[in-house]
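Below, chain A partners chain B and then partners chain C, in two separate complexes.
And now, the complex of A and B:
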């Protein structure tokens, strides 16, 4: 399978490329009042209005004021959303069995690629948003 | 040599002054080191001939003794004073007589030159003559010849014989010799001594004056040369300062250019970033197409590699341009220090030049005073 890797601060994350619709540079975000705190606002993408997720905030409350440069537009079933990230890294080909689920409750998975440990965001984790 | 002098003097002195110096140059011969060459001195260089003539004329009338001054070659430089009719109208009137006189004068002159003292002798015709050397130091520049007197009554027979030998009228010759003043030898010696003392006092004074004027002239010339050299130095130091200014400006231009290059590199980097995004999107599209997209996936990877290379190259160039800017900054610093130094030098040279101008003016004044100009 192929994965898309990206950076939040200096940390490497990955997700299944099958979930990715497209990637793009950051664009102006329209804030939404009374939304979940990791939802930064809305953007318009190819005629659809999508929520933008503060990925750091979603994964770890301690990271604040991260300056995002890129958006990863995800296709989760019927729903599309944008993950705001610092940098898109690469597209890698991995074995599916390389993904290790280390904490079943929180669905935390990692991938070991060339002795780099990458946090893998699963479909289930993303669906919770 | 003259052209060099012209070039050296024209910036400082006006043309008139130059002409005076040129005149001086032709009038008195000098050694190559600018010192006076006593062996080349002429009597007219050290003695005012007009003054000598006046003195000689009055002296001749006063003491009733004829005299003439000749240069070292025997050529008269004064008009004869109170020459006797015996000499002018008779003895010198024939070639034989004139030649005998010349031999006689030469002999007297040589003796005076040898002893460097007045020499009293009897001429070929039997008159008492003297020769007194005119000296500069121990060097003879001319001779005062005089006499044409008798210390005892003339021996008529002897004069008649001479008249025949040189081919003049015997009776006229005797008449003429009888008109010649009679005096005693002591008087002639004293008269010769007076002429000798006065003429040599004049020549010594004249020589000292000449040396002084020559020295002051050398001084003025040297100062003019120094002054001219300093002016050149001053002009070239201004050039150095200007060049340094230009250099600084050029260096600043280099810095501006390297900043422009960095701006271009920034856009190359952002193009590389865009290319990477394109490559990644292409990879996503290829993945979505499954097996059919495999070939396209390879192309997408190539695009990403290419964009990465472009970015790395741009960063390397940027490192280099940053190093250029650092070097330029250091160069500018050095250039400013150099500029400061050259400006100080310029100012110092200008100060020296203006001081020198004053000294040169003083030397010129001194020269003018010494040369009565």
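And now, the complex of A and C:
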């Protein structure tokens, strides 16, 4: 399977490329009052309004003052949403069994690519948003 | 069978020929305008540009109006299926019920027809089963009156059966482990009102009073239930007719722009011209001899204000008024309201979003729900 890797601060993350709709450059975000902490706001994409998710906040609660440069627009079933990330890294070809689940409670999966540890975001994790 | 009827409603709609012709001629005008715009490239003059833009705006607003009309369906389409239902109930329960359907010419939007069909279907079944079977009248009648004033759709269902009994309903609710029998009638009424507005329907579907067939996006404006035991029962249901295209007022709160649907706005006043009074932490203003609660929208939405609010917008929905305090007014604009993303469903203050000319997403305030919360 193919995965898209991206950077959040110094850490490398990845997700299944089949979920990716488009990748967009930074654009103005409309903040949503009283919303969940990890929702930065809304953007418009081809006439649709999509929520932008602060990927680092979604993964753990520590607030990093991050400057996002790119949005990864994901297609999750019927709905789309945008993940805010620092930088898009690469598209890699991996084998599905290379994804290791190291923490069952938190559904934490990693991939080992050339002795680089990449955190893999599963469909389930993303759907929880 | 029922499903096929519903499919018919959603897929086939009869359109008044005049409406269609008008729409066609508007599209023709659009094409003519397009040619003019193309020609404009050669002769650039400020004047012609403005003229064409004016015309374009007029055509667009007329198209919007006629599209709304095209989507309307007469309630006559429901009459046959409701009559079938009544005759089915007659044979099933061995009763003699007449259905009188007034206001069949009322036109409503075709997506609403399905909901109304469901509600009426349910209520008629319910009345036959629970009121007529028990009453000993020889001839029973259900009188259905529908009307629409462009803003709200009103259905009145009258029946001359046993009437509606709060005690019975309480007992039924009690069986569901809800201790209601100890409440007095007013409290039960209040509780039932709450039920009508919740989306947690599953448990309540079997109760006679439950009318909520609707998904979360639909709301009743109001439900009134009058009943005299063994004489009659009258249920009045008012459903707001909303359209996704509407006009909105853009306001600034903090550093952010919000839109308020224009049809909820009664008037706009300068903050300096009215006096605010405080009463137990609630601010009030007196406007035309009415005392109206002042709502600081920035506090409601937890937004930091950068300047002292200067404008008061008096809004009105469901006969309830409030004065919204905003930083400043920006503009009036046409907007297309898009539904909220599922991630925002619990933010009640927001009705939806709209995309403005600059491509920025703007949040639309849900005035009825803000008024309900304060």
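Quick note on the criterion: the second predicted complex is superposed on the first by the 128 of 129 C-alpha atoms of A that agree within 3 Å, B and C clash if a C-alpha of one lies under 4 Å from a C-alpha of the other, contacts with A are read in each partner's own complex, and residues count from 1 in each chain.
Just so we're on the same page, a contact is a pair of C-beta atoms (placed from the backbone, for glycine too) under 8 Å apart; a residue touches a chain by one contact, two chains touch by 3 or more.
Because the structure is a prediction, the values reported are computed rather than measured.
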{"item": "Which of chain B and chain C A:100 touches, first, second, both or neither", "value": "neither"}
{"item": "Partner chain in contact with A:34 - chain B first, chain C second, else both or neither", "value": "second"}
{"item": "Per-residue contact with chain A, leading partner among chain C and chain B", "value": "C"}
{"item": "First (chain B), second (chain C), both or neither touched by A:47", "value": "second"}
{"item": "Which of chain B and chain C A:4 touches, first, second, both or neither", "value": "first"}
{"item": "Which superposed partner A:17 touches (first chain B, second chain C, both, neither)", "value": "first"}
{"item": "Chain B-facing residues of chain A, complex", "value": "2, 4, 17-18, 20-25, 70, 88, 90-91"}
{"item": "Chain A-touching residues of chain C, taken from the complex the two chains share", "value": "256, 301-303, 338, 341-344, 347, 349-350, 353, 355, 359-363"}
{"item": "Contact set on chain B toward chain A in their complex", "value": "276-277, 280-281, 283-284, 287-288, 300-301, 304"}
{"item": "Footprint of chain C on chain A - complex, ascending", "value": "27-28, 30-36, 39, 41-44, 47-51, 79, 81, 129"}
